[in-house]
Amino acid sequence: MGIQSVENKAKEASRDVTPREYRMYIANKAVESPRKFLDVTNKYTGVVEAKVQLATHQDIDQAIDAAVKAQPAMAALGSYERKTILLQVVTELKRRSEEIAQLLTMECGKPIKDARGEVTRSIDTFQVAAEESTRIYGEHLPLDISPRNKGLQGIVRKFPIGPISMVSPWNFPLNLVAHKVAPALAVGCTFVLKPSSRTPLSALVLGEILETCELLPKGAFSILPVSREDADMFTVDERFKLLTFTGSGMAGWGMKARAGKKKVVMELGGNAPCIVEDLVPDLDYTIQRLVMGGFYQGGQSCIHMQRLYIHERLYDQVKHAFLEAVKKLKVGNPFDEDTFLGPMISESAAKGIEEWIHEAVEKGGKLLAGGHRSGSFLEPTVLENVPMEANARKEEIFGPVVLLYSYKDFKEAVDEANNTHYGLQSGVFTSDLNKAFYAFEHLEAGGVVLNDSPSVRVDSQPYGGLKDSGIQREGVKYAMEDMLEHKVLVMRNVGVL
Amino acid sequence: MGIQSVENKAKEASRDVTPREYRMYIANKAVESPRKFLDVTNKYTGVVEAKVQLATHQDIDQAIDAAVKAQPAMAALGSYERKTILLQVVTELKRRSEEIAQLLTMECGKPIKDARGEVTRSIDTFQVAAEESTRIYGEHLPLDISPRNKGLQGIVRKFPIGPISMVSPWNFPLNLVAHKVAPALAVGCTFVLKPSSRTPLSALVLGEILETCELLPKGAFSILPVSREDADMFTVDERFKLLTFTGSGMAGWGMKARAGKKKVVMELGGNAPCIVEDLVPDLDYTIQRLVMGGFYQGGQSCIHMQRLYIHERLYDQVKHAFLEAVKKLKVGNPFDEDTFLGPMISESAAKGIEEWIHEAVEKGGKLLAGGHRSGSFLEPTVLENVPMEANARKEEIFGPVVLLYSYKDFKEAVDEANNTHYGLQSGVFTSDLNKAFYAFEHLEAGGVVLNDSPSVRVDSQPYGGLKDSGIQREGVKYAMEDMLEHKVLVMRNVGVL
Amino acid sequence: MGIQSVENKAKEASRDVTPREYRMYIANKAVESPRKFLDVTNKYTGVVEAKVQLATHQDIDQAIDAAVKAQPAMAALGSYERKTILLQVVTELKRRSEEIAQLLTMECGKPIKDARGEVTRSIDTFQVAAEESTRIYGEHLPLDISPRNKGLQGIVRKFPIGPISMVSPWNFPLNLVAHKVAPALAVGCTFVLKPSSRTPLSALVLGEILETCELLPKGAFSILPVSREDADMFTVDERFKLLTFTGSGMAGWGMKARAGKKKVVMELGGNAPCIVEDLVPDLDYTIQRLVMGGFYQGGQSCIHMQRLYIHERLYDQVKHAFLEAVKKLKVGNPFDEDTFLGPMISESAAKGIEEWIHEAVEKGGKLLAGGHRSGSFLEPTVLENVPMEANARKEEIFGPVVLLYSYKDFKEAVDEANNTHYGLQSGVFTSDLNKAFYAFEHLEAGGVVLNDSPSVRVDSQPYGGLKDSGIQREGVKYAMEDMLEHKVLVMRNVGVL
Amino acid sequence: MGIQSVENKAKEASRDVTPREYRMYIANKAVESPRKFLDVTNKYTGVVEAKVQLATHQDIDQAIDAAVKAQPAMAALGSYERKTILLQVVTELKRRSEEIAQLLTMECGKPIKDARGEVTRSIDTFQVAAEESTRIYGEHLPLDISPRNKGLQGIVRKFPIGPISMVSPWNFPLNLVAHKVAPALAVGCTFVLKPSSRTPLSALVLGEILETCELLPKGAFSILPVSREDADMFTVDERFKLLTFTGSGMAGWGMKARAGKKKVVMELGGNAPCIVEDLVPDLDYTIQRLVMGGFYQGGQSCIHMQRLYIHERLYDQVKHAFLEAVKKLKVGNPFDEDTFLGPMISESAAKGIEEWIHEAVEKGGKLLAGGHRSGSFLEPTVLENVPMEANARKEEIFGPVVLLYSYKDFKEAVDEANNTHYGLQSGVFTSDLNKAFYAFEHLEAGGVVLNDSPSVRVDSQPYGGLKDSGIQREGVKYAMEDMLEHKVLVMRNVGVL
């Protein structure tokens, strides 16, 4: 079925819906008084299915103020109280998982299977945070390391850093919110969250859930859809002690510069390479993982496998099998169980990717598969030998596009994989011990995935990028670290009677 | 002896000296080609005793370039090689300790006893770093935390972050350099250091020592005195991966905003309070520690005890004994063994403090001791009940000034201690278990010192501030953490045959 | 109500019951073929309410054999599989909590409130283990610590030690089983458990639950009531890699000597002291905690507060209030909601304690309260100034007996508290910082409880004794440590291409 | 040169020497009063070169008593004081290194190069311990994991366990003493050491050094050569809190059974296998490491490579090259710089090995090289296909003997490597990632060495065996763990005002 007819089907599926209204949350409560609304479209049909309250500057100010005031009570919660809150979220997400998955598919356009996967992962994220909430260990230090320090000992404990500003993206509307909210609850930080304006709904459902958590001090959380113009306070307001942002590099680095005295955590883009030195354990499995890495969620992931480096002795074999597999990927209605690729997040996003594909071909790349667009739908696309100067090679392509390259020598492949300003994750298929560890040491990336695509992320692993891909790490307990301030108690001659 | 006659003596001590010339270091080598020179004065006599090469924009650029090129070789050093380098520094600092102490006293004006103490502490700092250099442990993680992640395990290792930009202050010209250089060597990061223009000499002696360390890859270090106007590259150059700055808050927060993508570590000012709830173990010891905290190095320390809160039942007793002790402090020639206070770093610094003392009195504070200035000399000064709106209360006073206050209730004392935009260290004298832990939990400071002044710092402790006092921590292994990038190796089905 | 009438009521409550039969578990399965039976009495009425299969020598041999064979499959379980098993146990314990609590009260005689508390704690124990099962972290070590070791690095991982022999006591028939079983499941060790012959029922219910856990490899667990004569294989069989025993010192140390090559964990008796230096925060709370420590479960706990040292300035006040509170404790039917003390585990146990009370008085102690026995019921008893040579002072008294002493000086109180061959836990009430830390450093006990009785145990804390009170620690993750064997992978020149 | 003529040369080298007298150490002091003497022979010439005081039962009792009395003072030493002591030992060992190496060669017969290596390693061991002595970290734990535990927090600190009984072997007379003494000093435990009666001299030199360490409390250490009959107190005396033994399995397991209540650390024998699956990185290097593993110190090491499993495709090539290399090994005077093998520790030991070689051949093994003995000298011996029932295959052969086997499949090689009652260390040469990790997971050994022989030991690595090879781990910080008792301070409502 051509990409044109996919779009036609989508248009046919459009029908009038009375949009459901969603309220935002200030200081733990759904807002009752009137506000402007933001339209949220069904990304498959283009129909406006939801209307979401838009926060004003005054709303944000009020939310921050509430977060500041609630912080002492939040910090005073016992470990088991923070855990209880997190487990309530787990329970509710489990209970409402299908509903939320449907919502995710609607607001984001991601295939329902992927949406269900995201809900499952979000449950994991909150569950891991619940378990970590009772494991914030401190240290006892001997400090009498020289005669001058005789009689000194120390205790290091970690305390919540204070109110957190959270800005999250549209591609994982729930789980990338979970990766900020769950650690904050685990450590006892209040927060104000700005979900993506394109996909705010599942975050607001989380608000619904949190609203019912009675242990949460009033003011502990606010969830505020905001237009980009009004969002500046999330970056600059000095009442926040941490700004945690997931999104594009351009936005992120600009925010870092204006963040003032607060700490920043930046989870930004990628341009993930994968090196196939061996078929591990065999061709079928390798291809299956490569296809997953390249086209999962239409490539709309920071760790989307964008570049595939294949050893020359395997090149033809892998290329052939990969193309065969790509051809079989079903593009279509994301609510269908067997759909692998839904629409891009927007027609303009799809157009941008299409342009980069054209540019890549113009600059010397060869189109091996796909390349067509209709509306917001894109065919899964494979290109070969796209040169460095093309955007598709150089920048992050947030779509279902994979670039193939052949190489002779493993070290050169690593160098070429590193030839980018990004450094989030990389993949390597090899059964060679030394190449595996060489890759770990030399691939410039926060994560190196062995014998899978770079697109693997376990929600408890340290996750984050080098170079332009970001600063600091997420992954529940790693995210918690940046939300905790270390304090030392230096004790002189304590215990001497 | 009045403060006027102290200054007269200092003037008398002035004599013509042929300034010694010091060379800066680019890419491990002393620079031979001609440069402009910076004058370094003897802070006691005011005589120019040294001339120091001044780096140009091109020098800095060349130094950064060398650091970037040397980074792979630096990262490839074995643990024992990094340790060997650090132990060579320890050996040389021990061998040359009296020479360096004299130099510190000359360039900084600090009493020779304090200068010797600083050398000893610097030796500790490098020794601790040598020991930590073989203890950079990683983690092995089970990642099969849910069915979807079956067969996954991970290894987390820490790798040097890359070239580091270091900017250090004048008040501890050697040890605050050591707290940046030693961790960098321990982890395997190259660096370019800008020592304070007022006190660059001991840093350059460190350059002399490092020049002889043959294991250090060429390009690993540069030490460049720079005028403030030319120093911008230390902040903005994106080839640096970390900016570590110790100095004033005004400078530091400005640098953070312009630091681009790199990480920042900021060790800034303080306004340290001390609460005396009990005499622990007795009056004499308490007073001795309070005087040390208030007047050590003329109060030219970030953790100078600026504010002293005394329980009302002890107020008169402590105030009296404190004033008695302050009167006995000898101000004078810093090269004399029995001098407790030398000159301030400059006459203009001394004048600024004098003005704040006057302002404090004008606004309602009472002068209990000291208050006079002559040239760069200041009397140790004690004020009472200085109101919040005076700079001496509100801001950091980098001089021999202590403010006394009485309080009734411990919680109020903690609140008042927290009533500042700084949060570096605090001191509490109490023998009460609950007050001690209440203080640990509630004093807004990176460090709480129990039964000593807030001025205690062990070189291996985590050290750094909350609020406007900075971001991140130093203290060798804590400083190393920010110089290390965490990478995870996610392994799928490894070990399956 | 006198103790005699309590016993009379108990006798009246006796009625004929058809004993329920309980089967033991070999290799995950309830045993179907006929065995001899052990009678289990209702400890309140004395009526046989259950009959439990008794394992033969052949049964034990078969169970060990199954455990050995199942070990590789058990070790191969993924983290999430071990976690799933543990969470199944949590779910079932929650579902059946009231049923199990009733069973505990019946088989053990403990008041129903305490039984419910034990079930709740057991749920915690399994929950903590579930969470720890995905947190068995290893280490990556730099091993190139000197030139000779150039190119070496290491990975340390923890592997299950192998089949575990477990022997558990009667006083917490479920939670002290949980403290062995849950960690074993968390790390992946198979086990054979011998519950106490007096109170095997709740352990067998746990067997019922585990039988339904399909992820557990066949052979992973056996639960075998055994007569003492036949129990020797639990100690001596070399197929076990670890023997973990909780019970009396006499039994435990004897087992250690015959344990062969296997590791041993011994959680033995105590003789817990408590020092009251201050009333923290006040008299009421202090008394409430002291009464709880002294008489909870009729003192049938390893951390029963046996000795109470009260500062002389507080002695009369505390003694008076303590005696008042003790008088109000209700002895009676453990199934009644308001009963504080039920029967002792047996009449002979009660008689033994009675004899020690008499001996204590004969040797100079003064009886302040209680002292009477009827059947298996004992009055809560308080003695004063019992001398060292009396068993009640010297040995562990496993009953509702507290000894009072007055002291002058805190250090002497600590010395006297240490004047015992036991060292499990100690309690200290003080608001003095130095006394608190002096106690921590000097009290010879695995745990020092501050401002509560020594009887506090959190199920996640490290728990275990010094001196004759045992060897090694329990407390889920601490117990797991001894069930894990550390292996190091030393890698030479890995990653070099 | 035949083995006979080597022995002849040794006999010729014999000459009359007046034996030097060595004193033992009780309570830090060399013993002055008369004692019986033990003869120590030069293992090359057979001449008695030293006479060593022999401890009586009373001496041991006195030493233990002193250790008990000194323990509180030892525990009270500051971190830097323990470090100072250890660094004094480092300094003295460096200063006297050649003297001690000569002594080691004399008393032990090990080649002078190996003796120097042992001294260097011992220096490392003490140096690592010095660094660890200031790094005994404790933990702060949140304990409020459920409502019942509200307000609880904990501190876990490690305290010295108490007086240690140390029994060390003859094959590394200094470094295996260092691995017990250095950790004990690092944690603050007093000790009584029984060095091997055959090689007590270097341990007594260590006594000489420790005698001069003035910070050591009187009584902190005793070093007592004892005849086996009188050594029982080292095992059974209950005043010791830990028995740490390195030696044969037969002795060790017997001691464990009689050790009473104390902890035991057992470092026993091995039967180390090495699997050559690939040549890594090439034949030359592989052979060089295999020869080192098989014949270093005449195979008198617990991790001597006894069994060599070679993949059949490499078998002939490796066998040939190995035999070539073995032929070149020089047997002779251990004081010669180019000697690779000196004498065995005794003629009877050599005879025992010779018998096992004969038995191996009788039972079907094939002698490929060596096999002859003259006096205490043995030729380096290589056997092929020695069957399981021969002692040379089944038991630990403490001599220069290597058994070759060919295998087809890696997993079978691992199974065969595991087919032994020992489990100390194993070696694997492979460049395959999965085989490497399979080996790590499945080889039953405390350590798996990748791409080197099993004989590698870094003094800071965890070291110790599974199965009959021992219990617990050594390796400075790992040894320290067993010398430290964990205590928890459980604090209720601390910090509440």
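Labels for the chains are A, B, C and D, by order of writing; each one numbers its residues from 1.
Convention: a residue touches a chain if its C-beta (ideal position, glycine included) is under 8 Å from a C-beta of that chain, and two chains touch if they have at least 3 such contacts.
Here the structure is a predicted model, which means the values were calculated and not measured.
K.L.:
Going by the touch criterion at the top, tell me which pair is linked by more C-beta contacts: B-C or C-D.
P.N.:
More contacting C-beta pairs are found at C-D.
K.L.:
Comparing centres built from CA atoms, which chain ends up most distant from chain A?
P.N.:
Here the answer is chain D, farthest from chain A.
K.L.:
Between chain C and chain D, what is the gap in Å from one C-alpha centre to the other?
P.N.:
The mean C-alpha positions of chain C and chain D differ by 38 Å.
K.L.:
Express in whole angstrom the distance between the two chain centres, defined as the mean CA positions of chain B and chain C.
P.N.:
About 51 Å, centre to centre.
K.L.:
Can you tell me which residues of chain A touch two or more of the remaining chains?
P.N.:
134-135, 141, 145-146, 149, 155-157, 433-434, 436, 440-441, 450, 460, 491, 494, 496
K.L.:
Name, in rising order, each residue of chain C that touches chain A in their complex.
P.N.:
Per the stated touch rule, the residues are 131, 134-135, 410-411, 433-438, 440-441, 460, 491, 494-497.
K.L.:
So in the complex, the part of chain C that touches chain B is made up of which residues?
P.N.:
Spelled out, the residues of chain C in touch with chain B are 78-80, 83, 134-142, 144-147, 149-151, 155-157, 430-434, 436, 450.
K.L.:
In their shared complex, at which residues does chain B touch chain A?
P.N.:
117, 120-121, 124, 128, 141, 143, 145-146, 148-149, 152, 154-157, 159, 253, 256-258, 260-261, 263, 281, 436, 440-441, 445-452, 456, 458-463, 466-468, 471, 473, 478, 485-494, 496
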